[in-house]
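In the two complexes below, subunit A is the common chain; its partner is subunit B in one and subunit C in the other.
Right after this comes the complex of A and B.
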């Protein structure tokens, strides 16, 4: 167990190292890591995480030599490049982007997610070294694209972003992860989706083999707000998507939707967790994947309904196509319901492509490859058709076709 | 010889289903096969279409002067072989229209003919569907998904008439059709039938053969043909059952 050693040696370089209260909190978090070897079985947050790698973490963070400022593409569209989790400050009538520095220690504590027992989020607190805060002003309607760029090999980036959608704002957020180096990127996004605001988020992940991405998020959703998250993972390397949300006030809705397409011995590690804390809210948690070779995926979905959260509607679904006999997709849905007037359900269909369906299509003159592709595409066609952002649609289609071209 | 099946023996999962099966079909002929449940009719149809779960012990099949076993499933289809399935499989999410469009184009392409575009194909499909009493709303649906038994059979025939095969094998296409549908479907078959194609019709009922007149009727039992004759064989079976052949 070297985490404590790495932590102590590098403490000075971490964000907020001058604050006593942060130190106390971090020391508390550190204690959780002592029994890590013994706890693995009981903690799904590290189910598919390589313990050795975690323990033998080689802390290495470098501030980028240059950072970019946000680019305003048009009246209401922005591109933000984050190099190793940093960018220049920026402010206009629509939004404010602030690089996190060591002065604002409140930022460290801005994590309302109580007791997740998620080791990777804890690790993020422990080693936090970069991040940005983005505030979208009241009633503004804007598009933001964030490119998360890791600059070199061997880095360990512990990044936390705070994104606040003020009342009545409407935000289309696209996040891209397209990193080709052997670094570890642990990123935790905290969203505040305020009253009557709408946040549509697309996350596209297409990292290379040796890059490890641990993406966690937490969203708090206030009255009559809408939060839609769609994650597309086409990566070759390890990707962990753990996304939490709380429906804090009435009439809010959230959906956590994910797609993954994996081959070789790659791992897609997924969890979504929605807490219904107010009445009349809706949630969807849907993860669909196509797996081949020796790839491995898991999906934990979780709906918690507080006793005051009447008229809750909650839906969970996991779907998977296994293209090889050595690929596995483990799904575990969970419902914990303490209110009586709720509609919650879950479903799961995971299995190989139907051989009879392939035979049928081929018997009509369609090649085996095309038949398999047709069946796989059918799996996400409905969802693709519903994407209104043409740029996203074409990125997803392109990546999907690349995946399909490589499987047969 | 257009289709020549010689001494074909086939097993599935260790059970021999076809025993020294022989059948010759000339171009322009209609052959009917009748036989009790489990006698191996669908097995024969699947082997002809190229389904891969079967073990071929012996025998050969010549189709259009080629060894059929040298062709894979889709190559056979492109060469003009078509099987209307006894139990068409549901494929949710695969839409009928683009699927059939790629089917016909892959066939045209392999015959060095020009592919047809979306608009032209949609027209063709609607026309053929109308002939077969298939509602055009059905053409927006997924392959066989949620279709009634009769709708599945009609949809098989729709595919057949779009693909215009040289050898069509109909595996109990009449089972599950109501009397009006039977008329419509058999009219469809008769319209397609000409001097340059052949039909192999598997059925349990003489009724079908009243509508589609076969040149030969074969009785199949325990994996081989034990009697061949004209339409009167079907009448015999209808009257006396299969026991007279045992």
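Right after this comes the complex of A and C.
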């Protein structure tokens, strides 16, 4: 175990290193990494994570030199470039963007997932070194695009962002991860979706082979709010998507939708966890994946319904297509229900491309390859058509076509 | 919630355990506690050969090093293994009675109270019964007729003496002694159970059945069942349980192993209705059962059907290893929990061979303050080409103090295999209730009817004798006035 050594050596460079209470908390977190607790078998959060790699972490963080992270503003739409998890401060009537500095230790303790035994989130708390806070003001309707840019090779970025959508706001958020270097990027987003606000989030991941991305998020949804998350993973490198949300007040809805397309010996880890803590809430968790070569994927989904969360509707769906005989897909759709007046269900399928569908297409003169491609694109097509943002639609379509070109 | 539903729930909560009585037979037990001497005592008492004793001691040594499995969704109190009697045999049974008239009339009376037709009526119904009263087999009827076909149906202790070659070959071959702590414990101290061997191409003409009864207080009962179906054979085996009302918790850790060779079929049905504890959750049986079937040969089939209504804690996963090509595994389950009962039950289907198929139908009903969990594992290994699985697990919640959980694990390593899983959780449909009430059924009758319909897919898999009993049991577990 070298995590403790790395931690002690680099402590001074971490965020909030001046605060005694943060130090105490971090020391507690560190205890979890003592080998005896490093229990891979019973910990979902590291199921496919290379233990050695995790233990032999080489901490390396550099603040970006003065780069132009200008926030372009036109008609309520913003583009934020985060270089190594940092950007310039910005404020106008719609929103405020603040770089996290070492003054506000409350930010460190804003972590509802501290006790979920998710090692990668614990690691994020331990080595936290950058992040931003974005506050969208009341009743504003804006578009935000965040580009997460890692500047060089060999970095370890432990980033935590806080995004607050104030009452009645409507935010379209696009996050892009398009990094072509061999760094480790551990990012933890905390969303506060306040009363009657709407947050639509698109996450597009397209990293190169040696880039590791650990993306975790936690969202708390207040009364009559809506949180809609869509994740598209086209990366050639390892990506871990763990997304948690809590429906804290009545009439809120949340959906976690994800698509992953992976090849060679790549791994995709996915988890969604929705906790229903109030009545009349709805949730959807849908993940679909296509796997080729020796790729491997996991999907854990979980719906928890508290005793008071009556009239809950919670649905889960997981679909996996295995295109090669060496690919592996594991899914664990869990329901934990403590209220009686609920409608909850899950469905899960894993299998090859439907033989009958291929036969149908081939009997109409379409080649086998084209048939398989048509069927796979139809697998996510109905969802694509619902995307109103043309720009995202074209990015997703482009990446999908690239993936399809490479599979045969 | 309307008042009638509340009333029904109250009625259900007040439902007393109907089979709670204790038969007063002097039990012969060694001292409490578990060490190598206890195992030697049991082995000696049963006149076992040395290799068997060695096998037990091996398992015991493995057990000492093992920890209790922790992954289940159960709240298991700490079990003091030194506070349990590991052997209890009704006195005077060293010499087995040859027919029913020689059996202790008190025993017969106990069975009659339970409605177990051990005597004439069951014989007429065509069932041979190997009744286990505590730990020693009492009587085995119909043995002669089965012998004519070459079928061996006896207690496992007898089989150890008379058919050591089969025992040596198959005992522990499906559930290795060191599989987990409960299986190791069972292997070390098992006292009795059934042994069945069906020779090649024989279709067993009657349903074999065992009634297990836990009787003496503080007696952990550790049965061991081994069923071997040779090439082309067929057998249907029934197992059912009820236990008297007791205050202190009783431990039960059985192991059941099934082996099906080429073209053989085994159908194993269980009704479990042990004492679940009282309304406060006091007492009740702890039921930690390991059941596993191996479809060893081509084209073999193993089918598990279970109706679980009793026990304070149920920890049970009848599973199938589909090793032979074209083999089939099935699992049908109804689990009903009430009061403070906890159940974590499900199945494991491991597809190894080509063209293997499995089907899982699980129905869970939670009432009172109980917790009911379905936990299933379906996995396709690399060579399981064109294999298929279909899983359906539905849960019904009655009242808002209970919990229903579904935890499936699904893994596919083969691109031509197809797995489908569906699950739903809901309460009793108001419209269905309304419809039934409109046609003149009382609220209780309506609930019972709907629940029986909910379980029908599973209940219809049971053999005739059991199906009637099971339907009754479902109704009894559900309500206070219907039944």
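Rule of thumb we're sticking to: the second predicted complex is superposed on the first by the 396 of 408 C-alpha atoms of A that agree within 3 Å, B and C clash if a C-alpha of one lies under 4 Å from a C-alpha of the other, contacts with A are read in each partner's own complex, and residues count from 1 in each chain.
Here is the rule we go by: a contact is a pair of C-beta atoms (placed from the backbone, for glycine too) under 8 Å apart; a residue touches a chain by one contact, two chains touch by 3 or more.
Only a predicted model underlies this, so the values are computations on that prediction, with no experimental measurement involved.
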item	value
Partner chain(s) touched by A:387 [first = subunit B, second = subunit C, both, neither]	neither
Subunit B versus subunit C as contact partner of A:339, first or second or both or neither	second
Partner touching more residues of subunit A, whether subunit B or subunit C	C
First, second, both or neither for A:147, with subunit B first and subunit C second	neither
Subunit B versus subunit C as contact partner of A:331, first or second or both or neither	second
Touched partner set for A:55, first subunit B, second subunit C, both or neither	neither
Partner chain in contact with A:378 - subunit B first, subunit C second, else both or neither	first
Contact set on subunit B toward subunit A in their complex	49-52, 72-74, 76-78, 82-83, 85, 88-89, 91-95, 99-100, 102-104, 106-107, 110, 142-143, 159, 163
Subunit A residues touching subunit C - in the complex, by the definition given at the top	42, 307, 310, 320, 322-352
Residue ranges of subunit C touching subunit A (in the complex, touch as defined)	70-71, 382, 395, 397-427
Partner subunit B, residues of subunit A touching it in the complex	354, 356-357, 359-368, 370, 374-375, 377-379, 381-382
